[in-house]
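Pasting the structures here.
Across the two complexes that follow, chain A remains constant while its partner is chain B and subsequently chain C.
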Partner chain A sequence: MDRREFIKVCSVMAAAGLLYGCRKIPFVGKASSDESLSRAIPALKDFEDEVEKAMARGGKNLDLVKVPMPSILNASDADLQNRFGMAIDLDACNGCGKCIMACIVENNIPLVTEEEREKDRFMHWIKMRGDAPFMCAHCGDAPCEKVCPTGAANHTPDGLSAMMYKRCAGSRFCGANCPEKARKFNYNDAEELGLLRKFNAEVPVRGKGVMEKCSMCLQRLQNDRLRFKAEHPFNEWRGRNVKTACAEACPRNAIIFGNWLDPESPLVKAAKHRELFAPRSIAKFDPSVVYMRGRR
Partner chain B sequence: MKYFAVTVLGAIFAFLLADFMLAQPSSPQSTSLQASLSDAGGNATAIAFKHALHGDSIGLDCAHCHTGAKTAAHAYMPSKSDCIDCHRLPLTENPGIETLDSALSVAPSEPWVKKSMLPDHVQFHHGVHTVAGVSCDECHGNYKSDSYGGEKFDMRTCLACHRGETDASRNFKRAATYCAACHR
Partner chain C sequence: MFRALFCIGLALLVPGLVAMGVSLCGGPVEWFTDTQTFWGVPISLFVFWIGLAHAGTLISAAFLVLNVKMDRRTALLAEMSTLCSLAVAVCMPLMHLGVIANFYMVAPFWDARGNISNVRSPLVWDFCCIAVYGVLSLLFFVSHFCMNPLKDDLPTVAVARAWIKKVRRPMAWILFPLVLWVHSVVSLDFASTFVPEWQGAFFPLYFIAGAIFSGLALVNFLLTFENYRVRVLEKLTLVCSWFMCAFWVWNFIINGNFCVSAFVFAGVLPQLLFVEWVRENRYACVSLWLSILLGMLLERVYLVSPTMETFGWIDLGLVAFGAGMFLVTFYGLRRLLQKGIEDDELLMGDVDTVGEALDSEFEAASRKYFLPLSTPEYRILRLPVLCGILVAILFSIWTFNANDQVNIELRLVNVFPLFGPIIALVAALILTSRALWTVSRKSVRWVVVSLLVAFAGACGAFYAGGSSVPEKASAETSSQLLDNVSVVNVVWDSRCATCHGIDGKFNKKFVREFYPVPQTLSLDRLDSIGEDSLVQVILQGRVNMNSYEGRISEGMARNLVMYMRILAERDSARASSAGEDEE
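So, the complex of A and B:
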């Protein structure tokens, strides 16, 4: 092979290599738009059907024991003015399940695959258990938060067991340590599988490998807090304008959201003269979400 | 044979050039009115917007144009119609005002391109910070010199104030540092 021949071969090979490297360039724009089109977005009906299926399967009845009314958190940074919580009125609730649907729409909760549905693994943050909704009780002394290796599960001073999704590494220790299994793990990339519909722009979508659970509509509380602080800088915010999505959706007003430390709160007014209960397994952890029944 | 090699090398060079051009990141967004006016209108005699002429000197508050800066979650960036609100009348004897009028008439309706860099798991409420006594130049230090963009806001910047580390120099109160205060 002479010198010219050698250069020729090298040039042809280099050109071929470049062509190979550039093969995708003309399709870049097209390919990405096709991809976004193929990603299906489920209809509202699909979510309703899934709620129906979850309700039909039901869950273990709650084993309730009496608890005192929640008071100031036992924490060094506890807020002395606010501790948010809910009371579920067992005398009023008829287990219609409208709260589950409202929660899905508020918090962008994805559908699950057929296979998981068969295993009774739904992503719903609320589960019907013996005709009463059950969600994370936001325990004051939460066992889930103690085992989180990254600090993604932590407590706010005003009594919410919060979840920082970007910090979650997916160890699932929290889920294992919750006696009532109120946490749900994202086994799938729901967006990729076309199981997600982004109803509410205020709530970020959780990715694959992240634990999630009831946030007590953190976004509603924080948005109201910020709005209030900007408009009334010298007043104390007590979260009086806020209602969680489930409480808002309940047709019988059986879920009451409010501030346990505010005597003006509808929650305290409703719970004052009632017997309060919590599931036996978490009663000792100072839950913020309790059940009420009968008169005291 | 010689021409063939030249052609091949030329083709390779063309590919390299094409690759280089295509790999370039898109040109940065124009951040000043001056840049976008001259881009859009093709008007060589573009006018520069000067904060110094529009702010304290004529008794205008920032929130006058950036509405919501004191109360709402986001401070609004004015559009051309907001400029025209005041500028439909000649406001000064300045000969430049005619240039301004002609430039405004050809300007796009939204002269400023503003893209929030805040990720969706972070919440920032502009009004709360203004009401808490943070003055504009604490964060937007370069607005008076009319150079825009390039402010670096990261969690460290937020936390320095929220933890009270800037207490002594700037007289800020401590603020919430629990995760859910800003994150979701």
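So, the complex of A and C:
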């Protein structure tokens, strides 16, 4: 074999290798909507089974420390009227896990594949940690937002740690910098693999390679805000009619959603005379989602 | 020998390309990612290769600056290894991304929708530093070959040499700090997070020492195949290994973690250089340099993903891809540039005399009297650097203004890491552009100009941004015209008022959350645009406004335009009555 031939063989092999690797690229563009209809859609039971499995795996117990009541965000453009948050009543919560299922149904959270399940990479936004639900705490001074290179993870003036899914490049830096690992990464295209059921048309389906996490049911807040603004154009909206899916689903009323800056809010009323706690690692970042226990 | 290495490279590259293809399509699920950090092999490989990429330019720039004599061949090989490993390194973070198509969003540049990357993220600093470092290393490398552009034309050669001589040493002065800066920034990716294994104030130092160490090992490795040894570099490698051992011990004391294999391969084995037989034996030397590289690779993997247990075949394929691509590009380039490297004028051992020549020139200059701001030193180096500082200041002012829409506080500290690359880029471009322009051939000039035009075009495309039409519009296909103002009112209040306000003046408070401020819909403006155009704007969208096609019927859009007019008339009536009251 002379040199010319050798190089030829090598380059053909390289090209073949690349083609083999790229065989998964759909050359005909996106699948049409007819196809997506015929794709397998998991039953509700599958989601319930997965929640059970996730709960059986359990998680590390939360290491809680006392925190003061959340107040106005420490940002130049903070909203002085609204800062949304939640308080989880540890005295009432019995760890039934109904909130996880409610969250899945509200936010179209997909199932994960068998391998992912073994690696404990569930997509659930809520995780049971020692009989207490844990979700993104929407830290006022969130470390995840600071490191996001594209600005996809950002903070709304009313205290939500928001995600622009279209802007996310999937560098997973936010996930690395979240001390409690509240962020979930879409390793797979759930729609393609038939792991997704669109329960709620209002919540967009997150594509492959995008980070996601608890949005504090942003869609419910936005809907209420739009409706309120149309009905009462000159009044200040305080989000009083909103409840997150998990708070709504809790049979023992252990998750309370509300506005930390609104004295009328059920959240402030419930948390006023309780001792508030947050996980030790994020207590210094001014979390909006806190735990309450005992009486003050 | 070189051909054998090239073939080894090819043999590694082919399976590497398969692994690359699989992981490009499959995404991060294909390779190992740490459960704690979500980061995996590509990032370790990136840090490893970027470390290798630092040594070459650092060696030749630092030696030039410090007046250490080094022959041109070593310098050329070192710089070439820099460029090749940079090319490998750039592939890795791209592959790491979940959505590769969005990589450009990391560049700190505005688009028409008012989005700008988060300048306080270390990844943005990384992106800029490495881009600038790549450009400047290329310039520095190219300047070698501009020394003898056309053999037969002696006057041109003399002119070219004079130009390049003037430029190379100041360029080295710019590159020297830049190299250290870039690697510090890479280390800040890790040091500025909350991952306990990644924290530590010594991180930049640790990373720089590691980078220099692995880079020196690579240069030594390459030189061994040239049948050639540079004692300074060997000594430096040894010193670096001690530094690394010290850092590992330090890390062990602080964090309690320790990578044993890295310590053995890169800490203990290099000490065999003290044995004369090992130093003199080529094969022993090659395996020694390889062991250092292996140790440093394991160390980087351990650092990025501490819970790493097993390498999957894709992970191994990516490692092979790196090594293969490096060997293929390096020895391919070497063959291409053989004439330049083994030039008859610049033989092996021919010491770089540029520094000396420049020194004598400066000595001559120092005896002359110059008006302030006209000394050659000022013209050549200080003025470009001052321009760079000016650009950096302008950039930070601009980002502070652009940041207005992002709800994240920005401080000077967050922009500061970008100062180094900006200053270096501007200074080096000003410094070299004239010299390279005079030296280069006409065809090269055309290529450069067309590249610049293409770059400007790319910036324009970036600014224009992508389409904002939702992929699956929820169609609302009623097309009847509604004359009832109250229905239009509700549509306006629910669809438009979030940005444009209930009263047609924009809703400043709400708008600031996601979008830039829209136009005020005054009567003059509505008249000048016209009804049909406004309907089109609603349906097709405009700069910052989303398209409402499929969500609002055309009839409704026309109704909305009429409603806008009503609002504007009401507003102008209110304004005129207020004016009358004042009168």
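Here, the second predicted complex is superposed on the first by the 258 of 296 C-alpha atoms of A that agree within 3 Å, B and C clash if a C-alpha of one lies under 4 Å from a C-alpha of the other, contacts with A are read in each partner's own complex, and residues count from 1 in each chain.
The criterion applied here is as follows: contacts are C-beta pairs under 8 Å (C-beta built on N, C-alpha and C of every residue); 3 or more make two chains touch, one makes a residue touch a chain.
The shown structure was predicted, so the numbers you read here are calculated from the model rather than taken from an experiment.
**Q** Quick one: classify A:K181 as touching chain B (first), chain C (second), both or neither.
**A** second
**Q** With both structures superposed, pick whichever of chain B and chain C touches the larger number of chain A residues.
**A** Chain A has more residues touched by C than by the other partner.
**Q** In the overlaid three-chain picture, which partner chain does A:S171 touch, first (chain B) or second (chain C), both, or neither?
**A** Only chain C is touched by A:S171; chain B is not.
**Q** Touch check for A:D120: first (chain B), second (chain C), both, or neither?
**A** Second partner only, chain C.
**Q** Which partner does A:N259 reach: the first (chain B), the second (chain C), both, or neither?
**A** Touch partners of A:N259: none, neither chain B nor chain C.
**Q** Does chain B (first) or chain C (second) touch A:N82, or do both, or does neither?
**A** In the superposition, A:N82 touches no partner, neither chain B nor chain C.
**Q** For A:P157, select first, second, both or neither according to whether it touches chain B, chain C, the two together, or no partner.
**A** Both partners, chain B and chain C.
**Q** Using the touch definition from the top, say if A:Q219 reaches chain B (first), chain C (second), both or neither.
**A** A:Q219 sits against chain B, while chain C stays out of touch.
**Q** For A:N108, is the partner it touches chain B (first), chain C (second), both, or none of the two (neither)?
**A** A:N108: touches no partner chain.
**Q** Looking at A:R4 after the superposition, I want to know if it touches chain B, chain C, both of them or none. Which is it: first, second, both, neither?
**A** first
**Q** After overlaying the two complexes on chain A, where does the chain B footprint on chain A coincide with the chain C footprint?
**A** 14, 18-19, 21-22, 25, 77, 151, 154-157, 167, 226-227, 229-230, 233
**Q** Using the touch definition up top, name the residues of chain C that touch chain A in the complex.
**A** Its residues touching chain A are 7, 10, 13-15, 17-29, 33, 35-39, 93, 96-100, 102-103, 105-106, 115-118, 120-124, 127, 189, 192-195, 406-409, 471-472, 474, 490, 493-494, 497-498, 502, 512-513.
**Q** Touching residues of chain B toward chain A in the complex: what are they?
**A** 1, 4-5, 8-9, 11-12, 15-16, 18-19, 22, 70-73, 120-121, 123, 125, 127-128, 130-132, 176, 178-181, 183-184
**Q** Which positions of chain A touch chain B when the two form their complex?
**A** Result: residues 4, 7-8, 11-12, 14-15, 18-19, 21-22, 25, 77, 151, 154-157, 160, 162, 164-167, 203-204, 215, 218-219, 222-223, 226-227, 229-231, 233 of chain A touch chain B.
**Q** Could you please specify the touching residues of chain A with respect to chain C in the complex?
**A** It is residues 6, 10, 13-14, 17-25, 30, 33, 75-77, 116, 119-121, 143, 145-152, 154-157, 167-173, 175-179, 181, 185-188, 201, 207-211, 226-227, 229-230, 233, 281 of chain A that touch chain C.
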